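Shared between the two complexes below is chain A, which pairs with chain B and chain C, respectively.
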Partner chain A sequence: MAVIKYYGAIAEATKCSEEQLTVSDLKISDCLALLNEKYNLKTFDVSVALNQNLVDIDSTIKLSDNDEIALLPPFAGG
Partner chain B sequence: MERYNRQIQLPQVGATGQQKLKDAKILVVGAGGLGCAILPYLTASGIEHIGIIDGDTIEETNLQRQILYTETSITQQKVVVAKQQLKALNSNVNIEIYNYYLSGENALELFRNYDIIIDATDSIQTRYLINDACIITNKPFVYGSIYRFEGQVSVFNYKNGPTYRCLFKNDKAKVSNCETAGVLGTTVGLIGMLQANEVIKMILETGDVLSGQLLVYNTLNNSQNCINFKKSETKSIDEAFFNSEYKTHKIEAVCVNEAISQNVICIDVRELHETPKLELSNGLQIPLSILESKIKNLNKNENYAVYCQSGKRSLEAIKLLKNHQFQNVKNIEGGVISMQQKINNEKSIY
Partner chain C sequence: MKKVFINGPITPAFIANSIEKHQTKHSIGAHNIFLGQVRADVVNDKTVAGIDFTCYEEMAHPILDDIREKAFKTFNLTCMHIYHSLGEIKAGEVCFFVFVSAKHSKEVYAATEYLVNIVKKKVPIFGKEIFEDESHQWKVNK
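Right after this comes the complex of A and B.
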């Protein structure tokens, strides 16, 4: 199973900082749709990293079980 | 030079490095939590040209994390007190203070006088302004930001490297800090220190600078993650873009009494769940997140005054309305927080 990591306010919405999910053969956008359905994340502006590298949300790369996907919202505080 | 002896001993610094620090010119945007962490260390290190820009005054709630200020500094200008404290720490340092907020009107001219720009602000909109001004003036930009127990640090536009826009593309992102999320002093301290450390490495030209990398630090579990990102700007950031984005939106402010008493419709752009609710006879609520889709229901020739919780999202809403040719839109400065104070004061008078 792939590891999904959550940061900032997104981790508060999902109530965990990471979890394991079956996402094999899904695209990034499919994975996001799945998570939106589960946690209603639509209100967040988010950048996505695949295995520690930022990826385009519209990327056609297919995810696999060994992947680590990170959801990063911009932070504002200071 | 004796005072810098401990760092000059480092092979990565030496007399040459100390001279580089002495000659460097840095600008810190924001003298809040991050600024108060960054400034003392950079001042102590012997950087002799430091600029600080912030239009804010010191409040009691700042003291828990803004450690340059003391109880006697409350109500004073942040940059004025910061300068006093820093001069006491290192009198060799020339500290230039700008007692106003960074804007499209002053950013380019100001940035041209410095080598490195440090973002110690608490606003995403200001971050895009800093980013774009850094691109135009060709300056590196040291970024730090916080959400509760997590911090992000990166260096943008370093030697033509990736920028904030390569990391977060949506410059119309919903502003999430209008309501205060809360923060510990130690968290801003740690993130500010990581920023200061990047500044020193850049000046000394030593170590690896966080260019093309976002460091995410979690102070609750001490985890650190680094995300790599590449240059991928889709917009061309030039002076024409800068002027249209940051200069042509002169937004008029209106005070609460004026907005309520005049023939003006007050629009609350907060989300529906946000409190306190204000019962205004001439008010309506359209959250910023759906404002664009509701614009067709509004009359472009009507007079509007826009408010949110603290006055930040309302500025965004006004920008949006002005982009749709609304002419008579004003901002209620300070938002509901200041409106409530006003209403309470009036109640106590009668």
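Right after this comes the complex of A and C.
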């Protein structure tokens, strides 16, 4: 199963910092739709990192169960 | 992988020690330092007491490596250090320390501005602004 990681305001909404999910053959947008349904994340400005690299939410890449997917709110360092 | 993240505030002693360590590097003629300090912003009559910083470190480190590599290529630097706090940092404490050194002053000014802006924009760091009444809001960079 893939690891889904949550940070900042999104981790607050999901009430966990990570979980495992079967995402095999899903696209990023499909995975987000599943998580939106589970946690109602639509109000968040979310960026997605696939294996530590930011990816376009509309990417056609198919996810695999070895992937690490992170949902990131706006960056606020400094 | 260079150490960037520090648990807790970046203390004046840590900064002084960083300066001291460079006194043996005699090709350096100019240092420039940026210090980011936690502000006690007032939002709807509530005052920020501190910021709790978290980070996606596995993603942050390669990004920071790229930032460093690009800065060394772009500016004629001798040394470059970037430190950012994690955990709860109180108003008035330093949470971000950028320290660049070169032969001459021109390079260090430009490099500092570049580094401060790109770290804020590209590095996955998140900040929970905690008010004095223990309620919170999520920091958004302007």
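By our rule, the second predicted complex is superposed on the first by the 74 of 78 C-alpha atoms of A that agree within 3 Å, B and C clash if a C-alpha of one lies under 4 Å from a C-alpha of the other, contacts with A are read in each partner's own complex, and residues count from 1 in each chain.
Quick note on the criterion: contacts are C-beta pairs under 8 Å (C-beta built on N, C-alpha and C of every residue); 3 or more make two chains touch, one makes a residue touch a chain.
Quantities reported herein were computed from a predicted structural model and do not represent experimental measurements.
Of the two partner chains, chain B is the only one touched by A:43; chain C is not. Applying the stated contact rule after C-alpha superposition, one finds that A:77 touches each of chain B and chain C. Applying the stated contact rule after C-alpha superposition, one finds that A:5 touches each of chain B and chain C. When the two complexes are superposed, the chain touching more residues of chain A, out of chain B and chain C, is B.
Overlap of the chain B and chain C interfaces on chain A: residues 5, 7-9, 49, 52-53, 70, 72-78. Within the complex formed with chain A, the residues of chain C that make contact are 36, 53-56, 58-59, 62, 84, 95-96, 116, 119-128, 138-141. Residues of chain A that touch chain B in their complex: 5, 7-9, 17, 43, 45, 47, 49, 52-54, 56, 70, 72-78. Remark: chain A residues 5, 7-9, 49, 52-53, 68, 70, 72-78 touch chain C in the complex. Across the complex, chain A is touched by residues 30, 32-34, 119-124, 127, 144-148, 150-152, 166-170, 173-177, 181, 183, 188, 214, 216, 218, 221, 225-230, 232, 289 of chain B.
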